[in-house]
Amino acid sequence: MLIVMQANATEEQVRAVCARIEALGFKAHPIPGSTRTAIGITGNTGSVDIGSLESMPGVVECIPVSKPYKLVSRDAKEEDSVITIPAPSGDVLIGGETVALCAGPCAIETPEQAMAIAEQVARAGVRLFRGGAYKPRTSPYSFQGLGEPGLKILAQVRERFGLGIVTEAVDNESLDLVEQYADVIQIGTRNMQNFSLLKRAGRASKPVLLKRGMSATLDEFLMAAEYILAEGNYKVILCERGVRTFSDFTRNTLDLAIIPAVKRRSHLPILVDPSHATGRRHKVLPLSRAAVAVGADGLLVEVHHEPDKALSDGMQSILPDELRQLAEEVRQIAEVLHRRVN
Amino acid sequence: MLIVMQANATEEQVRAVCARIEALGFKAHPIPGSTRTAIGITGNTGSVDIGSLESMPGVVECIPVSKPYKLVSRDAKEEDSVITIPAPSGDVLIGGETVALCAGPCAIETPEQAMAIAEQVARAGVRLFRGGAYKPRTSPYSFQGLGEPGLKILAQVRERFGLGIVTEAVDNESLDLVEQYADVIQIGTRNMQNFSLLKRAGRASKPVLLKRGMSATLDEFLMAAEYILAEGNYKVILCERGVRTFSDFTRNTLDLAIIPAVKRRSHLPILVDPSHATGRRHKVLPLSRAAVAVGADGLLVEVHHEPDKALSDGMQSILPDELRQLAEEVRQIAEVLHRRVN
Amino acid sequence: MLIVMQANATEEQVRAVCARIEALGFKAHPIPGSTRTAIGITGNTGSVDIGSLESMPGVVECIPVSKPYKLVSRDAKEEDSVITIPAPSGDVLIGGETVALCAGPCAIETPEQAMAIAEQVARAGVRLFRGGAYKPRTSPYSFQGLGEPGLKILAQVRERFGLGIVTEAVDNESLDLVEQYADVIQIGTRNMQNFSLLKRAGRASKPVLLKRGMSATLDEFLMAAEYILAEGNYKVILCERGVRTFSDFTRNTLDLAIIPAVKRRSHLPILVDPSHATGRRHKVLPLSRAAVAVGADGLLVEVHHEPDKALSDGMQSILPDELRQLAEEVRQIAEVLHRRVN
Amino acid sequence: MLIVMQANATEEQVRAVCARIEALGFKAHPIPGSTRTAIGITGNTGSVDIGSLESMPGVVECIPVSKPYKLVSRDAKEEDSVITIPAPSGDVLIGGETVALCAGPCAIETPEQAMAIAEQVARAGVRLFRGGAYKPRTSPYSFQGLGEPGLKILAQVRERFGLGIVTEAVDNESLDLVEQYADVIQIGTRNMQNFSLLKRAGRASKPVLLKRGMSATLDEFLMAAEYILAEGNYKVILCERGVRTFSDFTRNTLDLAIIPAVKRRSHLPILVDPSHATGRRHKVLPLSRAAVAVGADGLLVEVHHEPDKALSDGMQSILPDELRQLAEEVRQIAEVLHRRVN
């Protein structure tokens, strides 16, 4: 259920409505917009007494929401959400009129590797750095990431190059640490429906990058985001990274139509990861162009200065030179859509 | 098997090699390139006597081709194939440096409908017109197209607006007629592995537009094209139109990564049909931009002046105004890739 | 639309209703059942004058059918359809209380091969023989079947061993010949939506075995059958043979849940082809047991006396000994379901 | 890497080899078989000094294992693993010659509901009871299970009816509790690649039931099991529950061919869950028969005495009467395979 407040409703009126909702045993989610505030109500809303809420000062109407998702919906917030990433070199915005680039290695391997790649990333004008300290791997015998030492390397990258840091958490313990060291907490594909982890991310103070599950429908994807918002963290960035199909010339099938589909239903920004989607270096550049052309709010790209020596996923990492070309072509396509790369 | 001729081999030398191949009981396919000619050999090539061919004047080498497809392969022809469509208003090229647009209604319904839409298509600067006279429909009780009267309407569109005509054939009988009236013979998704129809198309004098099957792998798609080339018709245009997956917010999942994948393996041009892929009007424009950005050689788009009255697929047809916007945005994105729309 | 006749309606009354329907410009399909006759009406039934039909003698009611399929529906015919295959050694029934086995090689290669396998098939107590004279092959360079000489070999198998013959037609020309030589006309997976071929099969005098398309939904499958019935041939046997999914340890994913799903919606019998579904010899026996256990009306199994020498699909053919074991185990499982193998 | 010991190797020799492996910095996994013991080595085995191990007393040979999974492989253990569930009424065996049935509600709702259903389950001769206290739900607003109070109800069911208890853990915290109250710890579909949870399950003292992920390949499924075995818990039971495909008449597509596929590659037992696979009550019975016929080691079935009042998944729960019919039919089919239901 959604309570729509008047455009000129006071903060006090909003607070009063929230208090009444909580007093009724539900959870209130005030969602400020540019012209009005909406208040989402979660909990089993079947028995909410609409009358007593609709008659409160400042309330325009109560809307029963039949869609399974509420807080992520455009009904709850009409304009695009813009998430601010406070990189040391200045805020990076995700959503709205900007297209954000984020690049880096699949996994953090050594300080030297991380610094060498970060230098190239910064030189290409990219302002967000990605790299895994915790790696969910199909095999228990594969390299699983450096853990906290990897996070410390990322913190050094942050300081030295002024880059905002995006890195994955795989359970509650690693999320505690990622929240401490990084700017954006990534929830990976395999954990998209790890509801326990989603709830923990919903109580985090940092933005969350949520990747689509390998066979998640659009509704399931938005519902997973809803888990995070329902706990109070509204800074959620979605990410399409390909789905599993019969098609066998790429590792996954990049489902770019989800970008306009998400834009119609939700106010949340959505990035595209062309590296995991394709698993092939030479397809990253064309699909990056396509992702920006379809309207994505940014890209998450794997880059490595020596991909053949990478401990994981080298085959899909592009080279620093290719990253510069990518940034340039993507900038030109963003212009056609009246957007700018930040 | 492929015979590679010397750069300066004479036409007579090529003819002599072909004659020897045919004398041995196989079929020879000379494939002229910009710097050299290659000759494909089809038939059960297990027993070809390589020695006698390799020692002939003008021959560089004989290459056993292990890939399942031969004539469609870049091994057989290194540079992009450019297919010429002789529209009355001048040739339209598909492949190479140009991006070709083709638009029109799903089905030809009446002369008035066809003319009204064709006028809008021509006004948007589009030079190829699509529209079905034979419609493969899931239900035997749905409108199945006008048949030959529909082809006659298309011929009038051709004359009046100077547009090249693309229309579907569904069996040998309709292919005979389509070949007579249209400029490009379309083989639809459901017939991609109708090998009998592919062979007939391979004996046609007109270019063939081959749509990817709903669950065709890349190899199956190229092998279907190979059926056409193996019969002697090298003017084949591929078309990605979405594949069937679990993903349920679009009718099909557009698999744009196939564009760079085809480009690596084959010299044939490939278009994208964003209308059938998505089944939703508002997704056609963003996915058209993405298709050109990823490197497609053109678009096949459904347009209708009164989509709500269309006898089939109105929900996915865009309006004439949207077509003009599409043409303009696609032109700008083509420029980023140093290509021009024709 | 369906007209339900009274239990004691006379043939003359049925004929009169049919005549009125045809006079109104529609097509009438009388469907005799054990207790009553229903009459399906096809054509654009939006404008049927129900009143004039409902008031005719012998008519109980007119039911507007909202489902896309009509004649294949249980609404049209409540009890199971039983299709009779007139093998020289006596009728073989498909549907109802019997489980029918059909076995043979993928392709007819030589008279010797066909006879050797047929002998083993007959010895295992199987009464239907399958084998392809026309083979739809992914590659134009693969063995495409013997054509009419293959059909002549099948006719000899029929005479010598008393087996009913099931073989595939791939276009109108081959269907003319198959209809002449065989007992059951098979329409293959790749042609499930070759509507031109379905219509031709609907005018054939022999039963049609329709295989599910590689990515056909249940509705599309039943609608393809509807094309055949709508032309007047009600002797249709469905066949599940696996669908295309991401799952990569079998060639296709056998979707056995379609058996009870078809049984709820349609009166048509349905077989299972475990050989094409799995593409692996050692999975044919367990999946044959499962198919009969789930309620299938029979099996279509590939068997070869020398699978390693087969020109196609040897890897999925079982040996004669395995066929005998299969027949025995399937017989026991059929008994649990109170059915018998014929 | 695998060390194969002589048939008559002493326990002391096995211990000595294990000690040497651990001294080299790897982990040793002795796997006793009926005729010989094998010792799996995990860790980065690239640098294992084979020579020093092969020359030890009692060692037959060292086999480098190229398959991604080791401990779950038939190479490591030739005969079927049989997992013992110590129900109060006596051990229930899973694997080998027995077929195990496990039934119960989707979620534990109240003591009354649990007892009423458990009584019916026991009456049907079923000896394992399933029911969720922690429910992973797509929506944060859906009933998420009773938590520990639900586990306490399950413990009462255990005592009162002598049934073994199977219930799901969704994170480390709930796993600690499930381990305490239940006999089998279930890891659900959405957590199949929650590697952090798999590792925790690998350190548990109770058997683990691992459900296949919604789009997991066979290798990914076995590798997920390998995570559990690699931590030392060899009591793993696999469970097929349907995969996500385009096919839309069931909730998921039950992939029964995985049963013989697992049997060829692994010694682990595998059950089938026909309730979640189909999501439809009337398909549970036929697919249960098919699952046993294909060779599954048992079934996991949802049953509810009042499915229309169930808080979750009522539509797919069968009634107690249907459970008795299921048990009887499954018993007869098991006999055909020379197995017995326990």
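Things to note:
Should a chain be cited, it is by its letter among A, B, C and D, assigned in written order, with residues numbered from 1 in that chain.
Note that contacts are C-beta pairs under 8 Å (C-beta built on N, C-alpha and C of every residue); 3 or more make two chains touch, one makes a residue touch a chain.
Computed from a predicted model, the values in this text were never measured in an experiment.
Taking shared numbers over all numbers used, the chain B to chain C interface scores over half, which places it in the same class. Comparing chain pairs A-D and B-D by the number of C-beta pairs in contact, the larger count belongs to A-D. Look at where the CA atoms of chain C average out and do the same for chain D: the two points lie 38 Å apart. Taking the mean of the C-alpha atoms as each chain's centre, chain A and chain D sit 34 Å apart.
Distance between chain centres (mean CA atoms), chain B to chain D: 50 Å.
Multi-chain contact residues of chain B, defined as those touching 2 or more other chains: 215, 244-246.
Interface residues of chain D, counted against chain C in their complex, comprise 215, 217-218, 243, 245-250, 253-261, 264, 277-278, 282-283, 286-287, 289-295, 329, 332-333, 336-337.
On chain D, the positions that touch chain B within their shared complex are 244-246.
Across the interface of their complex, chain B is touched by residues 42-45, 68-70, 136-141, 144, 170-174, 190-191, 193-197, 199, 213-215, 219-220, 223, 226-227, 230, 244 of chain C.
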